[in-house]
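One chain, subunit A, appears in both complexes that follow, with subunit B as partner in the first and subunit C in the second.
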Partner chain A sequence: MAKLLLYLTLATSLIPLFSVAFSPENPTDRRVLVLVDDFAIKSSHSLYFGSLTSRGFQLEFKLADDPNIGLQRYGQYLYDALVLFCPSVERFGGSIDVASIVDFVDSGHDLIVAADSNASDLIREVATECGVDFDEDPAAMVIDHINYAVSNFDGDHTLIASDDFIKADVILGSKKIEAPVLFQGIGHSLNPANSLVLKVLSASSSAYSANPKSKLSNPPSLTGSAISLVSVVQARNNARILITGSLSMFSNRSGVQKAGSSIKHEKSGNEQFLTEISKWVFHERGHLKAVNVRHHKVGESDEPAIYRINDDLEYSVEIYEWSGTSWEPYVSDDVQVQFYMMSPYVLKTLSTDQKGHYSAEFKVPDVYGVFQFKVEYQRLGYTSLSLSKQIPVRPYRHNEYERFLPAAYPYYGSAFSMMAGFFIFTIVHLYSK
Partner chain B sequence: MVNDGTFYFDEKLVNMREQQGPLATTSSVVRGLTAFSSVITESLNLTGDKILGIAKFFLGIGIPGDTKNFFDQVDSLACLENNRVSIPLILSLPSTVISLTKKDSLKVKVNTVLGSHAPPLTVTLVRAFSSSARDNSIIENQELKFDPQDAVYFLDDLPASFDVGEYIFVFKMLVQDSEQQTVYATGTLTQVPIYVTGLIKIENAKIAVLDSDLGSVETQKKLDLAGESTVSVSANHLQKLRLSFQMSTPLGNAFKPHQAFLRLRHETKVEHTFVVGSSGKKFEITLDFLGLVEKFFYLSGRYDIQLTVGDAVMENSLLRDIGYVELDLPEPPENASRPPPQPVDPYTRYGPKAEITHIFRAPEKRPPQELSLAFLVLTILPLFGFIIGLLRLGVNLKNFPTSAVPATFAVIFHLGIAAVLLLYVLFWLKLDLFTTLKTLCFLGVFLMVVGHRTLSHLASASAKLKSA
Partner chain C sequence: MYQRERERERERDYREEMARSTGKDAQALFHSLRSAYAATPTTLKIIDLYMGFAVFTALIQVVYMAIVGSFPFNSFLSGVLSCVGTAILAVCLRIQVNKDNKEFKDLPPERAFADFVLCNLVLHLVIMNFLG
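And now, the complex of A and B:
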């Protein structure tokens, strides 16, 4: 009986350790809400969902107009990420609407939005809030008469085989995607002023977005490689959003052959592409953290509260990257630190010991004031690091100047010769006759 | 009943913990139906269309990823394969894209739901019409021949009047053995969209620069759209640019492609796209730069010309860089609109910045050390001059007190003065003011006492001398 009680207390006290939800120590999302138009998607897109569950995600499938769905309850978010596979939903059920989705993303959570050729205004609105504009024509699809996928059943060239990927290993993985990716749906464009959104898969320059059934009289608004098929957004709070115009891209597909090429790939690149990009969106890759910011004078080890001008100091920081299960040291040769007061006085590249420890030595400038050690690290696909530590810099104290200046020797000489002369004079004057 | 001919059952959500979905629901209906029909002796009164609709539903969902769904699908298809109500026969085409260049022939397959052979049938192509001209049917009531080797029904030669384009073919199948007609469900008519593709001839491509008022040709160059050569023309805002070519189908008819774009791209990556209009076989676009000056944002310079022609039925869709045109446009007025901002290349946006090292203030200029040493020597010289002068004057120490006590006091007095001077030197070297003042106090008091004794003795000695 006592043993049972002991086990019970032990078990209950260990429960907090088992909650591996989204937290700064463990940034990978765990609980994902998937909103679908109908549950057949669970079956037709099973490979994609299977790849997610095999990596440890808990997926919850709900219909988009289910009246019981909600993202948060009593102020706490129930899920770490949201997947919208419901392109034709007119109104979300429960407490979800565009504003609550935007709040969800603003609080740092991730989002995947997949539209399709019958995308409703609601999904378009969600995409516009994220910075991406779908083609306004509701019947338009992306058509490419040169880079289409050879198929015995889709003769209207709306099934595109695209391999114009972004060159970023952190987003798409280090292994090259050999086969093209199949896409069938609507395209979107990015506002050039938006610096947070990236085109991961763009259409070729012969693509255009139009209704395949009707003739064109005006040039379409989206043409060429300005059409983005898959885009990602990394918000300033490091929430990641994936937006694409084809829900069927996620479905279980087989081989692909690009028109004009004789290579028949047995497996399209969709699976590898989507697995890698989902890893990035759910923070399994490319998530950095910087810890242990230290600075001290060269030769000492404790951190002073103030520096003097012309001091030699050393700044060090440790940067780790989340690998999905643990924090690995991040190795790169372009992390820079700035010694900043209104503008950077010193900007130095930190050298690394290949184990995540970065350090740099420099001389404090001869301007005094309140400076900051700033590390602003922004690279394609990585979370942005923004570290800042304030440190004052004082001028020389009165006793830190040079003590005896050679230029003053005449003055020293004159004073001491005066003193010597006085001594001799006192003797001579008193005792000479 | 859904429009594409499938038929399924769905469940109403009645407070069930788990929603079954149409697949599970329909499969349980089918299982019950076939089991029931195999037990009873009479035949059930169900139309073949409904059974066919259910069969098409199961075949239309592809391969489900869930194992339970997959089992439901395969199990229901197996029930339908051999049931006593009616066995559905599915008409399918291995390819709905027929290429005229490859001389594909139309092939049709008829199988049961699990793919086994159907009984002998007559498959008839009831009608074939172009999707743009639905009333005008090109083929009527053509029976398809059966190839026993591949078990396909085929139409060996499309009639010569078949041009490229999108068509809808309507098929009908009938079991040859009249007794077995009730056993199988063949449905009524099956409509299949077919794409007939071919090579489109593009010829007579020309690009010309015209003078706007008179329309006379200033320069005209031939374009070779099949090759790789590029041309270059130049124009100013008073002229027009005309691009023309002719397109025709393999049978010589006029052809209007879905996509016929002319794109001009400036050096600053600002792009403008135009649709090439057509009349019959002739395609022509004329860009009147006088009206387009504002649209082009008054940007002069080199514009790359790109022509894109494509269609679903065109096997040789092309995207060609034709060349460039040097455009000379007038200066923009004050309130002209700026060209839209171009996207920043993401790879250059995130690079490391240039390093900055602080340039320290140069220290003040000091005189060279030799100069200071020279002046040091110069300042010490007067001391030597003083000593030499004193010796010259004949100073002596004759007045030094001879008796012991005053002599001691005199010596101590001078030692005290020396001590004070030494204290000054020590202060200069390392002491601070407080210790110096403290020591000076003591030394000063001592020196006053001793000095008083000495000087009073000296004064009294000289007074004695004077009075004597």
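And now, the complex of A and C:
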């Protein structure tokens, strides 16, 4: 009995060491909760889920109104990411609701939301909290009479083929997506004043959002490329959210042929597009960390507590990018450091040695006070870096000024020449007859 | 008619003569000053030379400051005041040493020279302090 207890305590104490979860050292999400309307999605979307599990994610499938689900227990989050594939849910079960989902994202975790035609108000509310507005008409779908996908079933052109991707290698990978992406669902619009949302896949300029079954009585409110089919949000705490209006985009689909073009693609671009974008959403790409901020006077190596005006100093930082499995050096030529006190006195671009080490040398300005070394780095698709280190700057001590001023040499000369003249004059005056 | 012409001619002649005479007067004055100065004793002429050197140095410094600006203003003041102070002390020595000066008839020239030296020492001490 005692031995059993011993083994039990040993086993339970070792469990935390075995869980490889989301942490600053390993930013890729691991445990993902997938909420679905019914478990048939597991088979109809098996390709997508298969690609996730093959990359090492632990997916947990639960019904959206399952009364036992919860995101956190005793203050700790049980999952690193949440996937909502339940567009018609009216109320979440267990302890999940819109507020808890917003808290989940606010604590830095990632979210994927997929709506569909006739999406419930709850899913629309979740999307609105994230900064994306779906079309208010519940029966509206995105229709495109020019860029629809040629198919045997759909005759009302709601299955559209879109290839209007955002130009960002970080989000969509470096390989170009050749085939268009199939989409059938509702569209959303983004607030242009919101700087955190990005349109990853937008509808073409001939698309509009309307009810396909009824006649159009007044012009649709969402038209053209203002309609976004897939959007991402990168919050200020670097949580990433993917919002799309078509759950069937994730399903197993085969070839696609865009109307008006004669190219018939064997495979649609959905698989590549969704794989690459979920790599980005789950922090396998585009996640930066900055470590080892150091500054010192040129020629010395230790960090002083105070600088003097007109000192030469050197600032260095190391930036790494997470590649999915390890930290690789991040190489870029546009990282800048500011020497800031109410406004940047010095703004310098850091030079890199291609191995992730960035450094810059500059002269402390002729102003004393308390400055900060600030690095503010925000690039499309990358996590934002915001480093700041405070350092005071003092003026000259009384014995650090120049001793003899070159501008005053004539005055020094005249004073000494007067003394010499006085001396010569006294000799001449005394010894002349 | 003729009378007025003759009046104008007379006026013109009168003015020319006045101009010539003022010119001649100025020249005569200048000559008398030079000959009188040549008669001063050599001692006084040496003091005058010394004073001229001091004033010249002061003028150079003022022109330099006008060009470059008054940045080390204390140095400028110190330089100019050393020249001006030297000139003033030289003037005082000249007054006291001049034998034609009835006010200082009873003052021995050695005493005047000793005062001059002491005052110059104090002047140069102050100047070196203020020069920076």
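Methods note: the second predicted complex is superposed on the first by the 388 of 433 C-alpha atoms of A that agree within 3 Å, B and C clash if a C-alpha of one lies under 4 Å from a C-alpha of the other, contacts with A are read in each partner's own complex, and residues count from 1 in each chain.
Rule of thumb we're sticking to: contacts are C-beta pairs under 8 Å (C-beta built on N, C-alpha and C of every residue); 3 or more make two chains touch, one makes a residue touch a chain.
Predicted model, so just to flag it, every value in this text is computed and none were measured.
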After superposition on the shared chain, which partner residues are touched by A:L35: those of subunit B (first), subunit C (second), both, or neither?
neither
Of the two partner chains, subunit B (first) and subunit C (second), which one does A:T349 touch, if any: first, second, both, or neither?
first
Figure out whether A:N310 sits in contact with subunit B (first) or subunit C (second), or with both, or with neither.
first
Is A:V142 touching anything from subunit B or subunit C once the two structures are fitted on A? First, second, both or neither.
neither
Is A:P410 touching the first partner subunit B, the second partner subunit C, both, or neither of them?
both
Quick one: is A:I166 in contact with subunit B, with subunit C, with both, or with neither? Answer first, second, both or neither.
first
Should A:V428 be classified as contacting the first partner (subunit B), the second (subunit C), both, or neither?
both
Between subunit B and subunit C, whom does A:M419 touch in the aligned arrangement: first, second, both, or neither?
both
Contact breadth on subunit A, by residue count: subunit C or subunit B
B
With the touch criterion stated at the top, can you tell me which subunit A residues are shared between the subunit B interface and the subunit C interface?
405, 407-408, 410, 412, 414, 417, 419, 421-422, 426, 428, 430, 432-433
Under the touch definition given earlier, write down the residues of subunit A that touch subunit C in their complex.
405, 407-408, 410-412, 414-415, 417-419, 421-422, 425-426, 428-430, 432-433
Quick one: in the complex, what on subunit B touches subunit A?
19, 21-23, 61-66, 69, 94-97, 166, 193-195, 197, 256, 258-259, 261, 263, 271, 273-275, 306, 308, 310-314, 317-319, 340-344, 346-347, 349-358, 360-361, 366-367, 369, 372-373, 375-380, 382-383, 386-387, 390, 395-400, 410, 414, 417-418, 421, 424-425, 428, 455, 458
Subunit B partner, complex, touching residues on subunit A are 38-40, 42-47, 49-50, 143-146, 151-153, 155-157, 166-167, 190, 192-193, 195, 198, 205-206, 208, 210, 212, 215-220, 223-224, 226, 252, 310, 334, 336, 338-339, 344-349, 362-363, 365-367, 378-380, 405-410, 412-414, 416-417, 419-424, 426-428, 430-433
Going by the contact rule at the top, pick out the subunit C residues touching subunit A in the complex.
42-43, 46-47, 50, 53-54, 57-58, 60-61, 64, 68, 71-72, 75-76, 78-80, 82-83, 86, 90, 113, 117, 120, 124, 127-128, 131-132
